[in-house]
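Lettered A, B, C and D in written order, each chain numbered from 1.
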Amino acid sequence: MPIFMVMPLCIWLERRLLAFMQDRLGPNRVGPMGLLQPVADGAKLFFKEDIMPAGVDRFIYILAPAVALFPAVTLGAVVPYAAPIGTYGLLTPVADVNIGVLYILAMSSLGVYGTVFAGYSGNNKFSLLGGLRASAQLISYELAMGMALACMVMVSGSLKISDIVLSQESPLWGIKGVDIENWNAFTPFGFLAMIIFLVCMIAETNRPPFDLPEAENELVAGYHTEYSSMKFATFYMGEYLAMLMFGTVFASVFLGGYNFLPINWHAWAMANSGAAPLCDFMEKFSYYLGPVWLLGKAIGVVVGYIWIRATLPRLRYDQLMNLGWRTLLPAAVGNLMVVALWITATATYGTGIGWLITLVVMAIWLGIYAVTVRINRSKGIQFEERSVMMVNPSVTTISANDKSPEAVVL
Amino acid sequence: MNGVPLGGYLLLGLLMFAIGVLGVVLRRSPVVIFMCIELMLNAANLTFLSFARYLPSLRSDDPAMLSRQAVSGEMMVIFVMAIAAAEVAVGLGIIMAIFRLRDKVDVDDLNVLRG
Amino acid sequence: MPNNSLVILLLLLPILGFVIEAFLGKQIVKSSGESGKRLLGAVAVLVVVGSFAAAVKLAIDLAGNDPSMRSQMVTLAPWINLAGLKVPFEFLIDPLSITMALIVTGVGALIHLYATGYMVKDKDYSRFFTYMNLFIFSMLVLVTAGNLVVMFIGWEGVGLCSYLLIGFWYSDHANAKAANKAFIVTRIGDVGFMLGIFMLFTLIIGQVGSGASDGRTLSFDNLIDTLPGVMHSHPSVAVIIALLFFLAAVGKSAQFPLYFWLPDAMAGPTPVSALIHAATMVTSGVFLLNRLYLIYEAAPIAAAVVTIIGAFTAIFAALIAFSQTDIKKVLAYSTVSQVGYMFVACGAGGFSAGIFHLATHAFFKALLFLGAGAVIHSMAHNQDMRNYGKLAKYLPITAITMFIAFLAISGIPFFAGYYSKEAIFSASVGGSFAKIGSVNFGQIAGYVAIFTAFLTAIYMARLTWLTFFGREERWRLIEPHHDSVQLAGALPECVSYSDDPNGWYKAIEPESNATEPEHTLDKDHEPHEVGASMWIPMVILAVLSVVGGYALDAGRLEAWLYPVAPSSVPKLAEVPWVTPVGIAAAVLGALVGGFYYWKGLPANEGWNMSKWNPLRIFALNQFGFNSIVSDGSSEAGKEIGAALNVGVDKGIIEGILGGLALCSTGIGDLLKKLQSGYARSYALLMLAGAVVLTVWIAVVGYRGGF
Amino acid sequence: MNLINPNFISFVILALIAVGASLGVVFCKNPVRSAICLVISFCVLAVLYFTLSAEMLGITQIVVYAGAIMVLFLFVVMLLTTANQESLNPKLDWRLILASLFAVGLIAVIGFRALLPFNQTITPRAPDGYGGPQELGMALFTRFGYPFEAISLLLMVGIVGSILLAKRRVR
């Protein structure tokens, strides 16, 4: 599978890019531009001594890394990598099942078990807290993610990833005679869903700024504090694999999948015969090299990850919860309603008026939503309170705005 | 899945249900009791689905009718799942509330309602 | 055709306002205090204005059609669907109901606007407007109702709102008791209403059956067809029914036997008194009579009773009004007497004249109340006229508008009251509608009414001069109230309430009527003119009470209300001397009152009640009638209650309940043993039950083979 | 009727895993382990749903149970185990005996009177590929509209209730 080939590249990319953004050099010794650095790391981790701390829950401790790797590997199994070419069918790693989106949701929700098991089995307070945070975080962001995907499912009218990709090849905004393809990222609600999905994606892969489960300044190294050598490497791989896989999913749900550019070359060639040969060539170009484009987009998403990591500071726990429950979820649900409205409106009143209605309603709704979010912000909220009890039940009364160290743990 | 008698699925469901019942009666930790309840629910789901697949008691052979009945079976499963979700949310909430009052949660200690 | 949407709009806007105020009001006020109040006030006013607009549109549409087509039934929803009886939610849009709706919504909107200024300091602002909007809604239901049952809904609704609003400042025991009084007394009338409906229904069913009107027996459009025949075939029953409905009217519009709740109703906020207890609700009795005029045509005796009661109430209340020193009480009694006028008119057959006076009275009496409210507002909530005087200097606008209203109510020519009173006089003196044998009660009532006009002019002059003119500003005088000798029992009993024994009303809410920092009336109190939101409605009403009478003059109004003249009403005999005599009575009364009270408060009405004229004190005690009623009713009620308590309650009911309680406790003791409190043993029991059940099914219920 | 076909064997294997996992749920001393066992049995059940050609429900099973419910369980279990380490494991008492007796009775009765007849029914009669997403959705919103609404109401109640339970009284 090409993913395994690309994954070390991602690691290298992250380190180099991060270094570039932080005005450092980064790994540049091993191989040209340090390209072999991941290999070297792998080798090092492989030959390290495998320490099993005392008093760990052995079974779960060994189970955890595998469980962590599994969903990351299986996540992208349903993403189509290329359009059916000649006699070959649709190119997907495993199969293009008719419930692909649900499958992706299921796998991504399984992703937390590795973290939780690792955190629990370590027999270590901090890793336990890491596991707790991971589980809470996952539950909070799974919902918004599902909603964001549901919007796109409603738009394309199918749970099949390949259908979603195909539906993005229709002309933009359903306007006849436009050669630009209707990638979901270009429609307003699609764009909103994309933002939401991006945030949830980052949160589910425990990447900065949502890497609270491994917040090194609060919990030593989070859930994999107690892990070393190959087990740790497995977590590491799992993280980057998950990034890439989510990248492919993101690319094929929002960025037109295996298509090169959002341009319907065929229609364009029809339109002006002068550019016909060029269009013809471009069409083939984007047609046969589908996997390249998909992986390219995925890597682009990974670059986005890295960029965000380099840009944003880590959230506080209550901020995380606020964002998940009070900002993203309402936004996603409202977006879902807007999509439903769009579908019915375009079906009833035709494209133009349908879009008009949809945009007006969306504007109104966004206004209301912004106001409510502002209001929510203005109100304080007591997430720390109960979280304190999670640490030790004896401490019960800590007011919301108490910034004592216990109050901000978890 | 061809070649598997319906009785097999039903027996599996029955076993899981019985085990769940055992757990509910035996365990003293409310969380585990909840888990066992989930187990029982799933056993019921399995039974529903297998009946929906095999449809032993349906007389007609009209495929539309058959799929209609099968889908009704799946509906039941969906509803059971939703109910389970709601029940877990509330039940765990209750457990947490109790847990906030006393730091050791044993079902046998929660006998305040004794007559 | 009045399209349903307009009617729905008319009815739904106030209920919308009610909902907004009720469910969002408190939060809005709590979150953003003054601005929130302003918003709520705007909402409350705007919904009423909106339904006023709807009413205007309806009226225009209606005026468009030709006179015979001017009554349409708008059915919004089915409600009661029995075999013999169908009572849908239907609304009759005809000139009468539209006129009433216009008055209700128009005057209501003005008073709402006034109230936004008047109540602004109150902490229950939103509750107030909740009730007000609800009242507008129920009043609209009442006037536009298409059948008697829906009308009854509105009837009860306005009763409820009046109760709620009288007791608005319920933390004061007196207000609460006044509210109860109003509610209970009007109940008597409502019983009459219900009995009337029942008898009417049975009568019509017995006579023509329900087939003719496809079950909608009680709908007015069918009643118009069925009533005359039925009534003329059963004159005696017709009299009974007419009297029952008249009883309802008496209760609601405070006529003689049941009048005494209205003065106490002044405990409510002044806008309430203006809207409910002067302009709209108390006059709904007149409206009822107008709706059912066919019955009264068939029952001259009842009509005679109506006239007599009306005339008696008019003069009776007018006399009591002389003895009152509380400005609102004076207005309340004058309302009673004016409504009496309307009943005189209706009884004498001049139904349209009644409505005419209703309209004009709505204008100027609302104006009077609003003015009184302004005065009270500026005099630190002191309502006693003996404290006023020379207020015209401080409140010019109020003074001018109220003077106009005074001219209007006392029937000075070319003001509103003049035209309507003329209509009433001519209708009653000239009409031979309430003639029994040789005695024409209408005529007698007419004379009484004219004399009452004279009295009216006098006491209204008394009010005006005591309040606005005179020599000295009496609240500055050294001789204050505390050395005043109050005669024992000389006061109307609503003033002398005991503070509530078990502190219920206080307990509810510590200070719910803390309207403003209680700065009492002292020597150096400077009255101030009220704000724009309060004087603008007064000015509008003043204009209306000047031109209103001329605008809708009697002839046109009658043509508009009764395009087809009431069949059996004999034409009026032209009585030439009525008009000059009426004018003379009014002008004379005004002059007499003005000169008598020129200097201000005469000594024999001052604080020292021992100096009072015994007649006046007798009037203050409402000619002993009030004590009779209160003693009689309350004593008898106590007796009956005690008897019931001992016999039925203690004996039978408590016995039964006690026995039940004992049984249940016994069973409970038995069952308690099972409740071990161990969840898992319960689970075990459940399991056992399940097993037993399955075994039973398997052995007994299972018929093998699928 | 030969029971020696690959399908049946794989089914038996899955069933054994499921039963073992469920036993683990009941008899593991450590609640986290029983939670893990439960997750395993759920996943096996999902696979069994697949074999019943109910892919939709299999995936839903994973999303709902493994994805949400069990994570909640683990969350709570971890919170509780941080507080009290001593696990509440079953003591052998009269309840155990009675309960197992009842359970055995249940299995015996139902198994012998109700399940034996179904050993003959081997061929699934529902058409293959029934209950695709579209079909389910149609059924859910047309035939089962009222139950659907009722369930949504129930979920709403559950949300409100859990929030109320979890909410600290505002002082």
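Everything below uses one rule, namely that a contact is a pair of C-beta atoms (placed from the backbone, for glycine too) under 8 Å apart; a residue touches a chain by one contact, two chains touch by 3 or more.
Since we're looking at a predicted model, the values are computed, not measured.
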item	value
Chain whose Cα centroid lies at the greatest distance from that of chain B	C
Among all chain pairs, the one with the most C-beta contacts	B-D
Rounded Å distance, chain A centre to chain C centre (Cα mean)	68
Where chain A and chain D are represented by their mean Cα positions, the distance between them in whole Å	29
Length of the line joining the C-alpha centres of chain A and chain B, rounded to whole Å	33
Between chain D and chain B, distance of the C-alpha-averaged centres to the nearest whole Å	5
Residues of chain A engaged with two or more neighbouring chains	393
Contacts with two or more other chains, residues of chain D listed in rising order	56, 60, 68, 72, 79, 83, 95, 99, 102-103, 106, 110, 114, 117-118, 166
Contacts with 2+ other chains: residues of chain C	680, 684, 687, 706
Touching residues on chain B, where the partner in the complex is chain D	1-12, 14-23, 25-29, 31-32, 34-36, 38-39, 42, 45-46, 49-50, 52-56, 58, 61, 63, 66-72, 74-75, 77-79, 81-90, 92-97, 99, 103-106
Complex contacts: residues of chain D adjacent to chain C	95, 98-99, 102-103, 105-106, 109-110, 113-114, 117-118
Chain B contact footprint on chain C (complex, rising order)	671-680, 683-684, 687, 706
Parts of chain C lying in touch with chain D, wherever the complex brings them together	680-681, 684, 687-688, 690-691, 694-695, 698-699, 702, 704-706
Chain A residues within the chain D interface of the complex	57, 59-60, 63, 97-99, 102-103, 105-106, 109-110, 112-113, 116-117, 119-120, 125, 128, 131-132, 135-136, 138-139, 142, 159, 382, 385-386, 390-393
